[in-house]
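Chain IDs A, B, C and D follow the sequence of writing; residue 1 opens each chain.
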């Protein structure tokens, strides 16, 4: 069971993520910032709980869904917004935008633009860290749709052989863009594929931070002890459309509503309340604090100039 | 159990294959023909038995190991030798050599030069034939080493979803060139990976033609009835070196001897003898007949000119 | 060109729709092409009309292209979609080593009547979703490459590609999907390997296609005010490449500028330069000018992309420098 | 160049051996590189000397290159082997979309000190095991490309590549592995981006590398008997490319022939042609001549390959036609 402080920290980060994304989406819809955002609504609690089970410097390659990964590692909303909005003060100065937020000191190493590229890069990262005597565990986040790329197979096989300190964390939200997992993926649980590599495969409720935390903690402990990789599949709802402009013509209202009903954030709020960790006032204070942080960050960043055009020529080589 | 006539046919084709390859290897070592041959010694019985369980027009993408695939489909030794030796009268006139023997009317569709390319092509072939109302079953042969390419994953997943009439036939000879399967592949039985795709996975003794025939026949019947793909793993010995020039520095004599001891051809000979299907005279006659056929074929083909240099410019487009 | 105005995306759709209706061997597939109608909307409605011959695949690019090759061998006429032209590398083995070589390796035993469609170019998508990869494809013997710039050519060339027995790669520019132009009614097929002179002029030949063609035409108007009349040539297909029309134009004008949305080094402009040396050396009054992306990847921010990709002003300035 | 005669393959091995000995961050991996010592024998003995830092991978090309990218991000200095240069497409996503873009996408937050070695060219291997894929790599911003032709350069450039913080692709020609030449003793490093004039001459500049360099040098001897003195330029690396040495040579000779073992269309010769237009237009007495593979894949039969790849006679004839 999560200690109280950690549970509250996860809640705070999840609220920060949710509110940040809501604001960013609003601004993007209004045309004030670029719209290349994939919201993580409903997946952020699982993402944040997973990262809470790792060390703050454990290498991570994140997925494309949301800002939770970065906030969980302490990257500031202003920094992330600067990357989204191509302003000075971000991490990639317009080169990578929201897809390539990076902070190696925090283990935030990036994301493959082609989904699934993370698998093989992650194997290399895990190999390198072990080889260099670092006792880190590398985590790779990916969606259910992404699991069908060939790189999954190549990386899973090698990770198992080499007993790499690697956690393959699948966020199965039942959709790969417009294609339901039932159409794209030949098994119900992607975790069942783990057996084909001789690695443990675990299914968890991705809306349950305790379950996610426990699964990742166990996988990380195993990996750090030399036991090799684990495939964790977190079942999560897909609440938002795939990307901001997506009208979801392909989806029924009932399916969307079912996802909304699984939203882990109200559940987590109810949980901390039930545990007596936070009352109405505390929650209001948390929301107010987040709002103030975001007000400041958004005001600050949106007042900054766009990165200078000349930066386009920089960064290719040392 | 194989009917007597079929058992004898398998034996005859296996003997033809073995003797053909022995001659080809001898000539190649002497520099009389190109040496780009990977011998199928010890794997040919399984290959031939597998194809005996299919219709003569069922599409096949073969592996790189040996001539058994082609002889099982009735391509003549002269034709194959012409391809190997870049003479007129082959199927690809020097373009593809031994790697790309082709005869669409016999379902012999070719081989991907990059091992593993067959998986995704095979999915397309199986899809096309079904779509075009042909009730064929497509078979894809591949080695244990090859199974670790990403294309395996992509094709297996889609084949299972689409219930493609496809048989994935793995010839696990324990080696991928110099790398033992234990070093390259994270599970002992590649067939265990089938469960991760929701398809049946079967392990058979690839030196036992009855077992191979039964497994392929069952898979084909299932596929033809709309039941989808099957992964069959035939355990076979790797008797020869990987390619002709390979000195096998990486291999112990004991391992090589263990493979030789598993040679299915003497076993099949003993079997037909024990069943009273062929006596010493019959066997001698079979060998003599094969020798005569090969004498004629080799004399014929090696007297032919090399394909004309101008053919290099032909064949790219219709 | 006469006919009603049609959007580029709709013209592509019309080509697919008609091909599906006319020929039962045509199948259309890729990620999100069926129910969703494609991430750029090109295939919208086709699944409803044609059923399972329009289907979604998993996120498996090797499979998408490899399956097309396998299907084509057996007589289907697959039209596969890769969501972005950068993904030719995600399916690199199948594009460059299978589609390109299979017929040749097997000495023509099978044809490959297949098409791969994909969206290229633009800004805001980042280094892995923005590339115009035509030069890679053009360097590869065995692949046919189209870069249609108008709705009419989009429909005509895609139709020709589907009816062809050769493997075609059709690059569709993201910024063109929403543009309109006349498309002939009825069965409209364009002939591959025929460049189109989009504007006549005597002082310089500008070669450009897709979004760069629009910029080249705009630049030509600006230049015209200065008395410089640019001829603007749209190659339409890069393989086959219409050498005659290029050489004819440059022999008239004596100067050539190539504008492309790809790295300059070994971009299509390099080939055009070499071809002009070989076929128009004596006629060239001045060296070829290549405009393209300086040798960096395509960044994500639109304004950074704008700093890299040739603009109307860049083209005007380059022509003035060259011809002036 | 002084020093004992060493085989090209051994020179490469010496570079790897020394790098492994000097720098614990260096790892060497790929298919069959460890116990077997590589299918062309380059890595023989390294596993015995350096243990698990030289290791075999599964047949998983995406993994091989992707892992190198991931390792490099974290401070290892991976030297990966792809068995054949054609396999850059089997690992297409990782080569063209990861190694090339990662540093830029993340604005330099990490360097990619990685090397991918691979065997190219030759005959008898067929369309998927014979290609010289340097033009594809050279068109890609972010990748460094070496085509060493001598044992000294093989060792020197591989050493430089391993010590560099940039992603290097080193093409090793199959027909050169067995050739010998002097290699300086001690710590021998070559400087990337420095072309070498392999032969001085005043009438024409022949640009060639690897097996075509050998043919070009043989052709130059034949031509010399006719009184035609060819200057033969070996670029050594294609990215960075030594423009100055090329331009200097062509300004002296006034003519240029490029010989390569790859399709002519958009081969490296196209870029050289365009560069010469841009930088030596007034000095060129005659158009560039490009010799390469006509636009078909590489067949398997050696004698068919010989019919396609420029021969010594082809080079002699082309130069005579051009200069004569």
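The rule is simple: contacts are C-beta pairs under 8 Å (C-beta built on N, C-alpha and C of every residue); 3 or more make two chains touch, one makes a residue touch a chain.
Here the structure is a predicted model, which is why all the values come from computation and not from measurement.
J.: Hey, how far apart are chain A and chain C in touch steps, shortest way?
T.: Steps on the shortest route: 1.
J.: Work out the mean Cα position per chain and let me know which chain is farthest from chain C.
T.: It is B.
J.: Where the CA atoms of chain A average out and where those of chain D average out, how many Å apart are those spots?
T.: 41
J.: Report the inter-chain centroid distance for chain C and chain D in whole angstrom, where each centroid is the mean of the CA atoms.
T.: That pair's centroid distance is 30 Å.
J.: If you average the CA atoms of chain B and of chain D, how far apart do the two points sit, in angstrom?
T.: A distance of 36 Å separates the two centres.
J.: Which parts of chain A, given as residue numbers and ranges, touch two or more other chains?
T.: As it turns out, chain A has residues touching two or more other chains at 92, 95-96, 99-100, 112-114, 148-151, 154, 157-158, 161, 183-185, 311, 316.
J.: Could you check chain C for residues that touch two or more other chains and list them?
T.: Residues 57-58, 60, 62, 86, 90, 93, 97, 101, 104-105, 126-128, 141-142, 295-297, 299-300 of chain C each touch two or more of the other chains.
J.: Line, ring, star, complete or other: which one describes how these chains touch?
T.: complete
J.: Which residues of chain A touch chain C in their complex?
T.: It comes out as residues 34, 36, 86, 92, 94-100, 112-116, 145-146, 148-150, 176-179, 183-185, 249-250, 306-307, 309-313, 316.
J.: Once bound in the complex, which stretches of chain C touch chain B?
T.: 25, 27, 53, 57-58, 60, 62-63, 65-76, 78, 93-94, 97-98, 101-111, 141-142, 165-166
J.: Please give the residue numbers of chain A that touch chain D in the complex, ascending.
T.: Against chain D, the touching part of chain A is residues 59, 91-93, 95-96, 99-100, 102-104, 109-110, 112-114, 117, 119-129, 131-132, 150-151, 154-155, 157-158, 161, 311, 314-318.
J.: Using the touch definition up top, name the residues of chain D that touch chain C in the complex.
T.: 86, 88-93, 95-97, 100-101, 104-105, 126-128, 135-136, 138-142, 239, 262-263, 265-271, 273-274, 276-278, 281, 286-290, 293, 295-297, 299-300
J.: Touching residues of chain C toward chain A in the complex: what are they?
T.: 31-32, 35-37, 39, 56-62, 86-87, 90, 124-129, 294-297, 299-308
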